[in-house]
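Take a look at the structures listed below.
In the two assemblies presented below, chain A is common to both, partnered first by chain B and then by chain C.
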Partner chain A sequence: MEVRIKRADFLAELMPMQGIVERRTTIPVLSHILLQANSDRLQLASTDLDVSLTSWCEAEVKGEGGIAVQARKFLEIIRSLVGDEVQLVLEDERRLSIVAGKSRFKINGLAPEDFPTLPTVGEEEKVELPFTKLKKMIGKIIFAVSTEESRFQLNGALFKLKDGAVEIVATDGHRLALVENEIEGSRDNDGVLVPRKALQELQRFEDEGNITFCRGEHHLSFSLGKRELTCRMLEGTFPDYERVIAKDNDKRARFVRKELAEAIHRVSLLTGDRARAIKLRMSPNQLVVSAANPDLGEAVEELSSEYEGDEFHVGMNPDYLGHFLSALDTEKVELELKDENTQCIGHPVEGQDRRYLCVIMPMRI
Partner chain B sequence: MDSDGPQRRILHCDMDCFYAAVHMRDDPSLAGKPVVIGGSPQGRGVIAAASYEARKFGIRSAMPSAQAVRRCDHLVFIKPDFKRYRAESLRIFDIFESFTPMVQAVSIDEAYLDVSEHLEPWGSATAVAQAIRRAVKKERHLTVSVGVGPNRLIAKIASDHDKPDGLTVVPPKKVAAFLAPMSVRCLPSVGPATEKRLVAKGFELVRDLRRAPADELERLFGKHGRTLFNYCRGIDERPVRLVRERKSVSSETTYEEDMALVEEMRAELDRLAASVGRSLGKRDLSAFTVTIKVRYGDFTTITRSQTLATPTRDIEVIGGVARRLLSKSEAGQRPVRLLGVGVSNLLHGRLEQLSLWTD
Partner chain C sequence: MASIRKLPEELIGKIAAGEVVERPASVVKELLENALDAGAREIEIELVAGGAERIRIRDDGSGMSAGDAALVFDRHATSKISNFEDLLEVETLGFRGEALSSIGAVAHVEIQTSDDAGAGVVVRAAGGLVEPPEPRPRSRGTTVEVASLFFNVPARRKFLKTAPAELRRVVEVVQGYALARPDVRFSLRSERGTVLDALPAGNGLDGLKRRVAQLFGEELAAHLAEVDRSPRPGTSIWGFVGDPTTTRGRRYFVFVNRRLLRDRAMMSSFYRAVRETWHGSEFPALFLFLDLPAAEVDVNVHPQKAEVRFREPRVSSDLFLAIRRGLEISLGEVDAPLTAAADLAGAPLSWQGEGGRTKASLSGSVSAETGDGNLAAELHEEALPFSSSRLAEISYTPPQRTPVPLSGRSGAVRSLRVLGQYKGTVILLEGSDGLYLIDQHVAHERILYERFRADLDHDVPESQRLLEPVLLEISAAEALRLAEMAADLEGSGFEVTSMSGGTVALAAVPAALRPSQAEKLLLELAHGGGDGGGETGHLRERLLDALAASLACRAAVKMHEPLSADQMEAMVAELFASDQPYACPHGRPIVLKMTDRDLESRFGQR
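The block that comes next holds the complex of A and B.
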């Protein structure tokens, strides 16, 4: 392999690879990225066996071939070089020389055969979706994806294609976020579970165009421009989420989103590290947010609300409410409540989405 | 006798001759014998504890073992087993804590309990003290002497008043009369040196000391003088501090016959979880981590644990996690002789994140 590439183009494709590469892995080759030169391209690939990313950049290829190189070290080198062009030459099967300007590196790598074979996803079930819209939707639910490994079926979001619409749902068992929008070209499917890491990596993509979504037997793929992200679908049954979106919450309160978010942030400074809880006391036209911690002290803040109902209070994890308020893009937010044991339903007031809501279970304080 | 504020009800619980009592309970052949815990009389060991029978010979703790043998030639020496005392102590403190969360451990066998807010269902501090003594006797087959008073000072002096196996109650109105005839030496913080100086000034008994003006005591003993001034009047405002931070709560059972059926084990885990959940509730604690312990028929023992996103004291939640953890063991494929459920990573109070789905 012998190639010349534009350093800036190369860096642009090299950076997203890092998100896929696991920092701590017991399989050495998984900390590597695969470089392969053929015809007029240098192909890049990285994988953690569940989520993989491939991309390419234009190159002047004098000799084909490939090598797997240590991802982080390689990025550091390419980033530190000066000059517009980089030359990569395979010295032998496990050694790559990097030349740019007056710098020369020879780094050790692994043979391409040692790199895992990446899954290919057939195009039988293929949909094109506007990426910008999809990316915004992911940003509105990703905070609710569970990070608890024992609840593997919640370690991702449910992607449900409806006729002319897309619905994405995430939950960690204590809160749930759902967003739905019209998207042309979408056809019915029964929903697939996209792992959290794939969602995170998709969010890093920047492109105005359409993303091509394909569904295979066990894998999904998302192609956008030069990049293709593939991931293993999460197995397991996603819980019956429509059931927990309470319909009979009779207490409705409206707030200026920013005011509420800031008050919650301030008051939550006096909650503990391990178990965070704030108290929301609602009374006509007023909300009192408070927190008390035996080690730290107490905090209280009042703010105005549009609320007409009875006085009552509810305990809540400030992060759950805070994440939702940060994901919102409207000036006002409405919370639908019932009592201190019933889930709170938050949704934007006059939002752009066809449906967007966040269900939060209270805390018993 | 506290200057103001609500009346406090403090207990001082002091195990009788603790180390020796543990051995004598577990080995009936020691009954009635002068038993000491300590190093060998051939070496340079000292006595760590002496039974009441041994004390009759003038044997005291910290006395060199060789000297003790000279006082009593048929003295029974037992090597100390601190691991055993600590385990016993934990069980006894569990009993104390089932009466009030306000338990301050002073040592392995001694604690102050503030029962001011925890008189129910017994009704009075005296009744609580009696219940504690009964519980220790019934569950641990050991005796504890208890002093009841309006503060730590009085409770401490009272517990020593009728040892062993005694209960002394000093109501607030009787404090002055109770202390008056006692030697100044009975006051905590009065050691041999202070005693000598006090006696030299004519203050032999507590009632004598009460005549001493505050400024004179302060001149003689500095800051300590102020404490003496208060103590001889029965005044002591030191709170009962929770020194012993609880780290875990657990419950386990060894079965007479090994269990083979997973269904049976699951039911047992539920029962143990219920007991753990109740203790958490009683102590106003919640736990983040649930652990199960499984001992197989061949005595190999494993533990499996899971930390939850939100602390709980819910019996069903603890039981559910315990049952899930059991499936990560070889229980069922291998017979089981012991099962245990424990919780750790504890938090004071109740702070429970409710779930969208209860499964």
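The block that comes next holds the complex of A and C.
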């Protein structure tokens, strides 16, 4: 293998690889990136066996071949080099020389055969949608994806195609976020579970174009420009989420989103591991947010609201509310409530999405 | 309907015998108690067919006069008490005067006894019929032979197990008394030969330890920690408790005034102490003696005297504290595991401190982003051979600090000087008797646990409702257990409702627990796991323990977190002032100690 590439192009494709590579892995090859030169391309691949990313950049290829190199060091080297061009030459099977300007590195690597074979994803189902739209939707629900490994079916979000629309839902058992938007040319399906890591990596991408989503038997792929992200589908049954979205919450209160978010943030400064709830006391046109912590003290803040109903209060985890409020992009937010034991349903007022809501279960304090 | 009749004397005897004599082991028990009450120094037991055919017990105690011997088979004939007041201050093992008459009612019994060398008598009884005493010379002491047990109660006889099984029960009984009296020689023979022969081992803790070694082997004796506590004048709690390697075989022996008991209240003090110390469901060996004035304890609660009542309500918490202290010792004084010397030889020493190290980098260009701290790798870099000149750069010298006097709950003041921190993980301390290593995460966890646990006693724990109730499939019996616990569960943040069959719905969980932790805890409670008895008595405490442990684990300082010398000192001081400085709420050890002797021997000085 002998190639000459533009350093900036190469770096742009190299950086997203970093997110895929496992930080603390017991399988050494998974901390490596696979480089392969053929015809006029240098192809890159990285994987943690669940999520994989492939990409390529244009290159002047004088000799084909490949090697797997240690991802972190390789990126550091390429980033620290000067000059517009980098030359990569395979010295022998396990040794790559990197030359740029007056710098010369020879780094050890692994044979390409040692790198895992990446899955090829069938095209049983194929949908195209604008990437910026998808990215925004992911940002609106990803906070609700569970991080608890024991409930693996909640470690991802549900992607569900409806006639002419896509719906993405995430929940961790305490709260649930759902966003739905129109897309062209989709048909109904029963939904697939996309792992959290894949969602996170998608969020890092920048692109104005369309992303193509394909569903195979066990894997999913997202293709965007040169990059293709593939991941294993999560198995398991996702909760019947429509059922937990209460329809009879009769108390509706509207707030200026920024005011509410800031008040909650300030009051939550006095919450901690042991006393994490804040109390929301609703009364006509007013909300009192408060927190009391035996270690730290108390905090209270009043703010105005559009609310006409009876006075009552409810306890809630301020992070859950906070995550939702910062994912929102509207000026106002509405909370639908009923009593201290019933879920709170938040949604934007005059939002862009066809449907966006977040269900938050209360806490007893 | 049959008219009411007065029962014949023989039948009354058989009924009473049923309460006392159940199997050969209970005969052996009664006779051993008599022998010990008579001041025997040597007791020989012989069994045939596990005791069903013949039991012979010979002692060198005070024996009986011919006149007393004539009365032994009368019911409630005893020399040990004479009026009701005596009953309140029983100091002997037997006292009801039931034993020999009961045994005499259901077996052939022959007693040879002599209170003085030479002048002895023999009395016999069979099926409740007593023959008049005959003179027979014998040295001082008593021999009781019980043959054909239950010969006249076929129903009972049928319930006897095989000879080996009955023998095993007798061995258990003999072990109990042999532990109670290490100063007395006990031997037990069956038709197959000697089963057990324990020579007099002396008194006190040393005697007991030797006796344990005689009965259960040196291996077990080597894994015991002392329990020694006198909460009040006249009351002492002493003995041994094992470390976590001794959990096999249910070797729990509890004695009150040298009487072996299976008292549930006392056992639950033990279970609780173990749970608090290492949170396991397995229990170590226990040889525990509670000695207290006879007037403070009521042993006349149970015909087999297996349960007692205490007049002093603090006894159970005294026991708890004494056992827990023993468990602490069993965990805390563990020597540091010895790793191969080669592992240590090449390891670089590094100070994580103010003056710190400068980082050299291979290529000359120093990367600003040194990443998320793979300390091992960094340390390795520093140990590269060409870096010898850099020794001068490592100019950090630890400031001289005065030792902090630390007093644990045991009251012992120790002087420990903080030496530094190893890999941001372990605090090193110099003590007068060795090097102490403290796991900072676990130590902090222990400190926080105690703080949180104390708060939970008066706070109501927060509860998080679940989006969708989690359904748990359990048995109907388990569901009932949970229903019984409903109030305590709710008080700690759970909301559990029973559905049809064995299904329960979990609608809210304590906010301090992750969902999976909450489910696991609930299932454990439903199974009645955790302690042998499965009693629900300490349920609320257990729930709160679990919450505090979970909170503490999350809030504690993690590994690879550099601490300043002041922080380390504060943490160590607080740790040793805590209730349990030697094990974390999950039971992991906090402190390892390498004694001076360990170090010397490893450097080949001894």
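One rule holds for everything that comes next: the second predicted complex is superposed on the first by the 362 of 365 C-alpha atoms of A that agree within 3 Å, B and C clash if a C-alpha of one lies under 4 Å from a C-alpha of the other, contacts with A are read in each partner's own complex, and residues count from 1 in each chain.
Definition applied: a residue touches a chain if its C-beta (ideal position, glycine included) is under 8 Å from a C-beta of that chain, and two chains touch if they have at least 3 such contacts.
Being a predicted model, the structure only gives us computed values, none of them experimental.
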Put chain B and chain C onto chain A via the superposition and say whether they clash or fit.
clash
Partner contacting more residues of chain A (chain B vs chain C)
C
Kindly classify A:D273 by the partners it touches after superposition: chain B alone (first), chain C alone (second), both, or neither?
second
Could you tell me if A:Q343 is touching chain B, chain C, both of them or neither one (first, second, both, neither)?
both
Which of chain B and chain C A:S80 touches, first, second, both or neither:
second
Return first, second, both or neither, reflecting whether A:N285 touches chain B, chain C, both chains, or no partner chain.
neither
Considering only touches as defined above, state whether A:V244 meets chain B (first), chain C (second), both or neither.
both
Would you find which stretch of chain B runs into chain C in the superposed arrangement, from 20-28, 38-46 or 182-190?
20-28
Where on chain A do the contacts from chain B and from chain C line up?
148, 150, 171, 173-176, 239-240, 244, 274-275, 277, 294, 317, 341, 343, 359, 361-365
Parts of chain A lying in touch with chain C, wherever the complex brings them together
23, 72, 76, 80, 148, 150-151, 171, 173-176, 239-240, 243-244, 273-277, 294, 315, 317, 341, 343, 359, 361-365
Note which residues of chain A are touching chain B in the complex, please.
148, 150, 171-176, 239-240, 244, 272, 274-275, 277, 294, 317, 341, 343, 359, 361-365
As the complex stands, chain C meets chain A at residues 363, 365, 367, 371-372, 452, 455, 459, 462-468, 470, 493, 508, 511-512, 514-516, 551, 554-555
Chain B to chain A touching residues, read off their complex:
286, 288, 306, 309-311, 347-357
